[in-house]
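Pasting the structures in now, so scroll down.
There are two complexes below, and they share chain A, which is joined by chain B in the first and by chain C in the second.
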Partner chain A sequence: MKMRLSLAIASLAILGVHGFVFYQQFFHKWETYQNSYFDQARTLAKTDQEREALASRSPKIEQIIVTQFGSTRVDRCTTCHIGIDDPRFKENNQPYKAHPYTAELGDREINGKWERRHKFADIGCTVCHDGQGRGLQEFYAHGEDEFWTEPMLGYVVQENWRPEFKDKLKGKEFMQANCAQCHTDKDFKSTPLVNKGREVFVQQNCYGCHRIEGISNGTLGPDLSDVGKKWSLNYIHESIVDPRANSATSFMPKFNMTDEEVKALTIFLKSRRGFNYAETQLDRYRATLTKSPATSPESTEPGATTPAVADAKLGEQLVQQRACAACHKIGETDGGIAPDLSYEGLIKDSEWIVAHFKDPRALIPDSIMPTFTFSDGDFRSMAAYLGTLNKPPALNNPQEIYTNLCMRCHGDKGDGHGMIAIYLDPYPRDFTNAGFMNSKPEDRLISSIKNGVGGTSMPAWGKVLNDEQIKGVLGYINQNFTKEARTEIKPRKIPDQNPVAMSPDSVARGEGIYLQRCTGCHGRKADGKGANSLDILPRPRNLLNTAFVTQTNDRRLFESIMYGVQGTAMPPWIDYGLTTEDVGDLVNYIRSLNQGKKDAGLMTLLIRGH
Partner chain B sequence: MSEKKNNIFSTLSSMPAAIWSSVFRNNLPYTDLGRSKTSFNNFFLHIHPVKVHRHTLKPWFTMGLGLISLFLFLILVVTGVLLMFYYVPSTAQAYDRMLDLRGSVAFGVFLRNMHRWSAHGMVAAVFLHMCRVFFTGSYKKPREFNWVIGVILFLLTLFLSFTGYLLPWDQLAFWAITVGTAIAGYAPVVGEQMRFLLLGDTTVGQEALLRFYVLHVAVLPVVMVVLIAIHFWRIRKDGGLSRPEEADIVEPAAVGTVLATPAPAMAMATAAGGINVIEKKNYGIQGLVRGPFAKVGNVPDNSVFSYPNLLLAELFVFILTVLGVLLVSAFFNAPLEEAVNVLHPPNPAKAPWYFLGLQEMVSYSAFWGGVGIPAIEVLVLLLVPYFDRGQKGVGKWFAKERLLANTLFLTFVVVNIVLIIIGTFFRGQNWEFVSPF
Partner chain C sequence: MSEKHNAQEESSEPISRRKVLAWLTSMGIMGSAVVSVFSNLVFIKPRATYGQPTRFSIGTPDDYPPGTRIALGDQKVAIIREGSKMAAISITCTHLGCIVGVSETGFACPCHGSRFDQDGNVTGGPAPKPLPWYELSMAPNGELEVDKGKEVTAGKWFTV
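Let's look at the complex of A and B:
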């Protein structure tokens, strides 16, 4: 009996839940809105016919199905906003309020009657306003749901957005991002912020690292071609002003932009959605047939005149405008990503600098510097400006020298983990690695400081420091970081010249040995990125680094292969059965990889270059 | 003429009764004979024995966990079929269909909630059912193979839930399945192939969605139904649910005034195959169950008629299950995150909760956590009844004789639950340990 009683109670509870769910399902807010609209419209109606038509209407889900903008959109907004196209309701409160007519949007008044340029029946609502067209509850329809990336532009600020951004993301102008979906002309006058954002994208050099289809080809940062489709305004805004907020590993610099510029850039990026609404697959295909995939941004740059002669003044302006110091250090400003340019005029000549501007990786193969596409004149002017940075620093003692010139890469502990070290490849030398430091003769270490290391970011400090200073700083390094007394280096039997003559046979033999012995670390392509390379510090040498290989003499290559490199993972290969002839073949193979790839002009730069 | 008219009249007037009796074959029962006939002649009730042991009906012995699993499965079938009317397994449409379910389909949210929470509930209920069977030692001879089928049913439940997880095609689904199938990929030799077979591609995409859909709505449910049928059939053939030996001792009170024989003697008689014939119970029922009860039931025993005792108990569990699912579904919405963004994994990307124990182990060792240990666990689970063959302590919760086995199993259960809890609540970005408090 007890069981039957509880059964009855449980059944009643089930009935109760059903009542609750039925109530939820069948008593919608939008029905109330629609009924209220019908009532109000009836009082406003002028003819009996109108009244009758209204009387026969009953609440139902209204929807506009838009098929002409990319994927099919279903907009049910008019279910609540049922008076949207009814001019009599222009003074009412939401959700009854009629959409205003604006001449700016192309609406025209003909004989006292307004006609819309953008007809709701054709384009729906979310095309301009965003939001979730399918939703019928305000929370979801307006996109207040934290998972909806397209909340109503400029109106809804989501609860979970960063509070300090909420105000900045309010405002009708955010809708310009959607106008630009169809109005793609670069100077469409009704989307000033999109146009400005596009300029900012170029001015601030965003294009150097980011790709946007049809605009730029950068590869260093994420492709932004459809960033507007994937991310909410909030996320885009946040990623611009605080790059590490969303991706802890991001090394994008914080750019110094005004709020207005950030807003324009955010709106411009929000307008990048891969496909524009107005565009079809066929349009896109046709576009690829008629023009190169990415237009050079210089053509979009306002007032880009090419001066006939290099102008250091203009160069200074350009370097500042283009935010070089967002990565590099120039004088007091330090971007914390790329090498110090404060003494560039002493270290490099303008020919090298211009060649490096045009193709950084031709000179420093593993550099992450973007390839900017400025005009030749701009490059020359910038190089001319950098050439004026030729005042040697007043540095009195080795410690000062180390702190000012070496520490940014090699670190304050001399362990190679300097501020910008992770952006450099090869990685800066670790001075605390006594095995390495003490296995190399002093001459060699001094030469590395004085002449730099080809194909890397180590410059020839001999042009800034005198021999005495260099000796001093080496002593400082030895005393503070290596901390081990130098020992006499045993004389080894190493040929000064490669005894094996360069020949196709020798290269082929060398390749055979290379494939057997070296690919694990140096990689099949000899680019230093073999399977084991990530487990090894210092990383295996990139043997395709022509500047480095060309400057390294046979003796040093032989020594490194035959006797290994102490303090690194490179083993002494004579212990593993390689003969001097084998090593000769290997050296020939490595040299052959770096021959004839580059034109003569570049080769001289490479050799002279550091 | 009048006779004919009369005939038509009488035919019509007796028609409801005729239809009733042709469908149900007998009237609502008021006698024991009627009760047994009702169970026996009705297709749906026929799955029950005519009589059921009193011990089986003890609520705290089974806690109705097997039934709860079955009823959740039935709820899942019904809600699932309804959801199928709205769902399209296409990467272009699936997510929009979810929005429609939430936005404009009548009862859409509610259906999805019921389906989602029942699925989670079923994983839990089946697991608890397995624990119940173990702790009461119910997998022992002759029920060993039914235990094996049960373990397979548990794995199928997990797989059904897992395949359904992908279908909403939101970030949660996409990345959970990406993580889940990556775990499968850690298996040696066949791992990658298995993963490819499952996904139809190297990554989760349209092919994977279609495969998961077909598995989820057609293949796995059919296999499940067949195995459930075998599972139930074997329960009957194995003599109903397990029970301790002493439960078969007939107490005089249970038999009532009919029996004067002392209980021990009665039990002996039962074991001997029923010598004592009770005059009042002179109807015959064909072979009900094996064992001491597999006979034409004309001995006094501890059984009661399934109709209404068992039916009422089942109804009770059913009502409670439905009520639970309805309440949870009315107040908690099934999650729906943003549409799939292949380039942006959430951090951390987590598998469905029941696989978070695995993922937690994978974070220590990909092979051992994802493949080695789970494979050993499943293998041991499958073989448990063949290792543990003692016949002591059957049908009793935490029997003293089974201290070792129960301790081992309890350790297994606790370790897995703790791992799942750690994986669910204590793991944040980059799978680092965070405190949820």
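Let's look at the complex of A and C:
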């Protein structure tokens, strides 16, 4: 009995479903709209001719096929919006409403009759409005589907968008992003928000990290050349306001921008679609050949002067304006990505800072700091300002010293996993690695603290700390992190000077040995990025790091190669058959990699210290 | 008697209920079958339109001064205006589909030499039929529209 009843119910339910499908297939909303339009038009018709024209029309799918804007578009919007070009319907409600005539868009009134600049028959609808042209149901046509990246700009705000952003994404201004697809002039007056967004992109230093074809060459963040094609407004807006909302591993700082600036930037980014309709295939090919300008033409903002004499006051202004603290720590504001600049005046001189500004990788080869294109005067002013930050923090006991100076990189547990460690290359030293710490003579550890480590982010603390304090902090590290008593280091037989004279032959032999023995970890290019490097901590040394290699004497290179580096993956190569002469060749090869790479001025900076 | 009647009633009642259910079930299934057959008819003639739409705008009448005989290559139609009379004539040859040339005196096909007079009637060559005329109409925005989906009898001019 139960079975029969449920069978009956099930079969009726299936009938219901089939009935619904049938209804969907044969009764369309657009037919209702078109019939209603024809009825209204008939009552409005004045001449027989008009009536005749109407009589011959019946509901059917209207479509415009547009081939001149990128890939072929099929816009069926006029199927529902059938009165779009009928001036008599300008007061009606959607979907019958006629498209307004706007003088700003180039529409002209001639003898009381308006003529459109952008004819729907030529350019369709989605070129300007976005949405899904082929859709015949409102939900799809307006792009309300969650995964459609081009919902109707500024009109459709989707249900699944973050509630606090919804209202900020409304408004027809968002369509400017599409105007800019053809009207690419930098100061096209009808797209003020795109132009402003471009300015914000430069002002807020977005260009330092992001690449946009023809505008910037940043490599730190994702390439934004076609971001407008890939993502919806919502995603772009969200990623600016809250970088970690969409990508949990993003380290993009939160920038302090007004709503208006975020809006302009969103519209500007939405307008970046990789190509624009105004350019031909050939233009595009040429654009990819010519590199983007190294110096941004907008680098001197209005108001920013470039004084001949460095001005610390102006520098302070610039440092604040340019969001340096979005990454660095300066006083109380901390971006949590880059080193603390609060005592920069104590550890670096302005010459070093300016050189670092101009090309961060000249002095620290693996630095991720973007190359900003400010003017020379601005750089000098900013360096002058950083030079004034020379008030040391409280350094009364080793613990305070460690907390204030070391912890940001080396971590509160001394394991090298400090707050900003993952953004540094080489990675900060792990003090809990007793094998390493105790295999190095105390002199060398003191020297690393006092003189810094060339080519890395370790500054020379000798200018801040006296010898006693350095010894104190080393003791603190040993006691709290290494936690193993230092052992006597066995004297080793190591040449102080490379016994093999530098010669092309020696370098060639060294290269041969290098390719056989070293590439697995140090890499074919000797940049420390060999196949095994990802599995190894500490990472293999980047042997192209000129500052480091120059600072390191032959004795240390010989020791590291011959006897290995304890606590790291570097093995003692004399156990694997390398003779002193072989090592000498290797050292010559490594030295040869770093010769003649840098100009003399930089070299003195590198060697003199930091 | 009464016992038998009772028994009959008892036995007839579940049977009729059973019948109702069976009837409902078969209705549901049969109905679904019928409706789905009709729903699937849609796939026999898909609602797709290929290529450019058959109805298209050709601009205002002012764009075509009297005496115009112009071929619109993309749309494959010739627009003729004589005084205030206008017509849209196909320029696809009725023989093998070449595009015919438009001149003052008529149409001529370059492929096999078919000739047509000014109104598209065959005057020579292999073409079997005259060139069709298409419906012209005035859109509410003041632009002329040609509907290639609708042929009109030759000689039916549109007055602007």
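Just so we're on the same page, the second predicted complex is superposed on the first by the 563 of 610 C-alpha atoms of A that agree within 3 Å, B and C clash if a C-alpha of one lies under 4 Å from a C-alpha of the other, contacts with A are read in each partner's own complex, and residues count from 1 in each chain.
Heads up, the rule we're going with is that a contact is a pair of C-beta atoms (placed from the backbone, for glycine too) under 8 Å apart; a residue touches a chain by one contact, two chains touch by 3 or more.
Quick caveat: nothing in here was measured; it's all calculated off a predicted structure.
Of the two partner chains placed around the shared chain by superposition, chain C is the only one that A:15 touches, whereas chain B remains out of contact.
In the superposed pair of complexes, A:41 makes contact with chain C only, with no contact to chain B. Within the superposed three-chain model, A:53 lies in touch with chain C and out of touch with chain B [touch as defined at top].
In the superposed model, A:86 lies in contact with chain C only, and not with chain B. Residue contacts after overlaying the shared chain place A:149 against chain B, while chain C stays out of touching range.
By the document's definition of touching, of the two partners only chain C reaches A:65; chain B does not.
By the touch criterion stated above, A:5 is placed in contact with chain C alone, chain B being left untouched.
Once the two complexes are overlaid on the shared chain, A:312 sits clear of chain B and of chain C alike.
After overlaying the two complexes on the shared chain, residue contacts for A:140 are found with chain B alone; chain C is out of touch.
Chain A residues 4, 7, 10-11, 13-14, 17-18, 21, 25-26, 61 lie at the interface with chain B in one structure and with chain C in the other.
Here chain A touches chain B in the complex through residues 3-4, 6-7, 10-11, 13-14, 17-18, 20-21, 24-26, 61, 71, 74, 76, 132, 134-137, 140-141, 147-149, 222, 230, going by the rule given at the top. Residues 1, 4-5, 7-8, 10-15, 17-19, 21-22, 25-26, 41, 49-50, 52-53, 56, 61-65, 85-88, 113, 119, 121 of chain A are the ones that touch chain C when the two sit in their complex.
Here chain C touches chain A in the complex through residues 14, 18, 21-22, 24-29, 31-32, 35-36, 38-39, 42, 47, 49, 51-53, 55-57, 135, 137-143, 147, 150, 159, going by the rule given at the top. Listed in rising order, the residues of chain B touching chain A in the complex are 92, 96, 99-100, 102-104, 106-107, 110, 170-171, 312-313, 315-316, 319-320, 322-323, 326-327, 330, 336-339, 341, 343-344.
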